[in-house]
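As written, the chains take the letters A, B, C and D, and residue 1 is the first residue of each chain.
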Amino acid sequence: MDRGRLEAFSDGVMAVAITLLALNLTVAGPGHGSLLNQLYLHWPAFLGYLISFLTVGIIWVNHHVLVMSITRVDRILLFANLMFLLFVVLIPFGTATATDYLPGNSRDARLAMVLYAGICLGMSAGFGAIFECTLHGERVSRPLPPEQHWAARRRFVGGSLVYVAAIVIAVFSAIAALALIGLVGVYYIFERLPASAGDVAEADSDTK
Amino acid sequence: MDRGRLEAFSDGVMAVAITLLALNLTVAGPGHGSLLNQLYLHWPAFLGYLISFLTVGIIWVNHHVLVMSITRVDRILLFANLMFLLFVVLIPFGTATATDYLPGNSRDARLAMVLYAGICLGMSAGFGAIFECTLHGERVSRPLPPEQHWAARRRFVGGSLVYVAAIVIAVFSAIAALALIGLVGVYYIFERLPASAGDVAEADSDTK
Amino acid sequence: MDRGRLEAFSDGVMAVAITLLALNLTVAGPGHGSLLNQLYLHWPAFLGYLISFLTVGIIWVNHHVLVMSITRVDRILLFANLMFLLFVVLIPFGTATATDYLPGNSRDARLAMVLYAGICLGMSAGFGAIFECTLHGERVSRPLPPEQHWAARRRFVGGSLVYVAAIVIAVFSAIAALALIGLVGVYYIFERLPASAGDVAEADSDTK
Amino acid sequence: MDRGRLEAFSDGVMAVAITLLALNLTVAGPGHGSLLNQLYLHWPAFLGYLISFLTVGIIWVNHHVLVMSITRVDRILLFANLMFLLFVVLIPFGTATATDYLPGNSRDARLAMVLYAGICLGMSAGFGAIFECTLHGERVSRPLPPEQHWAARRRFVGGSLVYVAAIVIAVFSAIAALALIGLVGVYYIFERLPASAGDVAEADSDTK
């Protein structure tokens, strides 16, 4: 089974999800106060759009790189990918809910941010599941040697841990948790996940 | 005619349909009671999202496998595929309607679930129509021998029969019918439809 | 310039447009009368969904066949294709507006149906513009001999003329015009447009 | 890394964004005055649809041509492309907001048009960033000689400057700014951006 349609379907879902983010940006229009005021009151929605667009965009780039190393697509990999997409599709809902309750820090605002960070964590875990698939079953052309599996996982758990931290922070401050999720996005513009066996091997030998 | 655009269009439709499922998840937002309560009252919508995502995801996997065996795309096959997509596109509508009337078991809740299960049955029948196309007219590279056609159909009718059962159950209990549809999804994560002639032949010889 | 992305973009737009058709199907939900009654009152929306799905599905099939014969994509062809897509994207809007005013035959119902038939005509004309492109400028591998251009155009004008007829009929009866548009769809399941030079040549020699 | 998925994802996002433009066209339906009057009152929405469809359609054509010259896709290029798509996705929101406040020339109408022209400028700047990527780092097969970089940039800054002009004009007249943005679209149907090194070189030698 070739990986072409896996990529096509995933690209389709991510493209639709990233575009639906903009549906959260509507303003009420004429007769609901000045437009400047309406836009100002919606600043959390615009910030949320930026952060979620960046988050989905980066996960798309990483998905792109990760899947490229795959040579054999089987049923387990397809379902790991579906689990990943299940959370990608929830991102617009999570973003809308979280930013609706901002800028306050009410109990609901914090709960909404826990939900949003949880969706990000689910997406990250789904990506980790795809990565885990690449470690086993001869699905990639250059498999990672078993002694490097834990080093590679640590790097991934590291990435997901930031979203765990965002959930914990969201219990206290919604906006601080959102800022952290945004920083993850900015960080990954400059850095990148070890996407293929070769990269991890290189990275591993770099740190020795 | 190559099968590339058949796959691209089908992937596009399924990707959009699966992403539109999340549009059913909106909560009313600030000023409509606590968020926890709003999310709690929407639990059928979240359950429906999970089940429909799984259902469409699995049918995508099976469509993927089935179409891969096709070497000649003609007009009949294209329209069988359109009939299949007609029901795929109805899934978000069916899910929204069915879960709106849950968790009660009112007459409307049961009718809505009959509708939803009927849409799933239509999708399954459309998939069966594509499969039927692969049995005739030299559309696949390794055609199934005629004496195995009925065995293959039985396997497919078996799959669709679960949705017939869900319609019957929905007449009495909406939530039980939804649970059955969800179980179909969970079952297919582990099992799989006989997708190509070779698979059916193998499966057939296995049972002898 | 290859035709791959022309196909990918067109497939994407048609896939999204065909899926958005289902957004017109929402019922108001609990507390707005019995579901059966709500569904019954919405029967024009369901009929419209069927007809528009069929109409877009068929034009996708024909677009598929037509573009396959193209070997050179230039700017004129790209804009002819954009003009075609401009009307495809309007189909969900046209369907929603036309079926909202049914089943009555009020002045507004007839105007809405004129609008819908007009959008179908625009789509058909856009398709005709792409076809016209294939007659000139060495864009296809097997160009149609000039003496057959008018025969081929007549066949296409014939197809568009049905939509002109639908506009005229809509001035008197909205539902009759919708029925005609539906019949076009049913007709094209069994027949097909002359899509490539070879087909027209064959068809032409058949009628001699 | 191949450019296939960059194209697929970009095509997906642009296809969805261009299709979502039609969501702005809904009329209120029966019981809200005559349909003719409703359509008439919505004429700015229809004009906005036309102009934004043309604008996104043209940028898709130019993106198509530009990316075709790229042979090596790296992380910087992927993020330039994401920045471009960030603004493409905002186009339906910008169009809806700008045309909601038309045809008047209130302070809000002018602000909304500044916002819309700003989104167009952002899209144009994002496209410029992708173009800038093609000038460096051996990402294209036929790189442009350094002495022609500024000539090529001038052509691009020229294109973006029209959107800067639209922002300035929008401060005084919303409708005049919209007309200018529409003219850009009409202009590019006939002209085209220098998309590859070879084109710029040709264009450059033409003007000598």
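We take it that a contact is a pair of C-beta atoms (placed from the backbone, for glycine too) under 8 Å apart; a residue touches a chain by one contact, two chains touch by 3 or more.
Bear in mind that the values here come from a model prediction, so they are computed numbers and not experimental data.
At the subunit C-subunit D interface, residue numbers used by both copies make up under half of all numbers present, so the two copies contact each other through mostly different positions. When the CA atoms of subunit A are superposed on subunit B, the rotation angle comes to 90 degrees, reported as a multiple of 5. Note: centroid distance subunit B to subunit C, computed from Cα atoms, is 27 Å. Averaged C-alpha coordinates put the centre of subunit A at 38 Å from the centre of subunit C. Counting partner chains per residue, subunit B has residues 8, 12, 15-16, 20 touching two or more of them. Those residues of subunit D whose C-beta lies close enough to touch subunit C in the complex are 7-8, 11-12, 14-16, 18-23, 25-27, 29-30, 34-36, 39, 50, 53-54, 57, 60-61, 64-65, 68, 189, 192. Contact residues of subunit C toward subunit D in the complex are 1-2, 5, 8-9, 12-13, 15-17, 20, 75, 78-79, 82, 85-86, 89-90, 92-93, 96-97, 100-101, 107-108, 111-112, 115.
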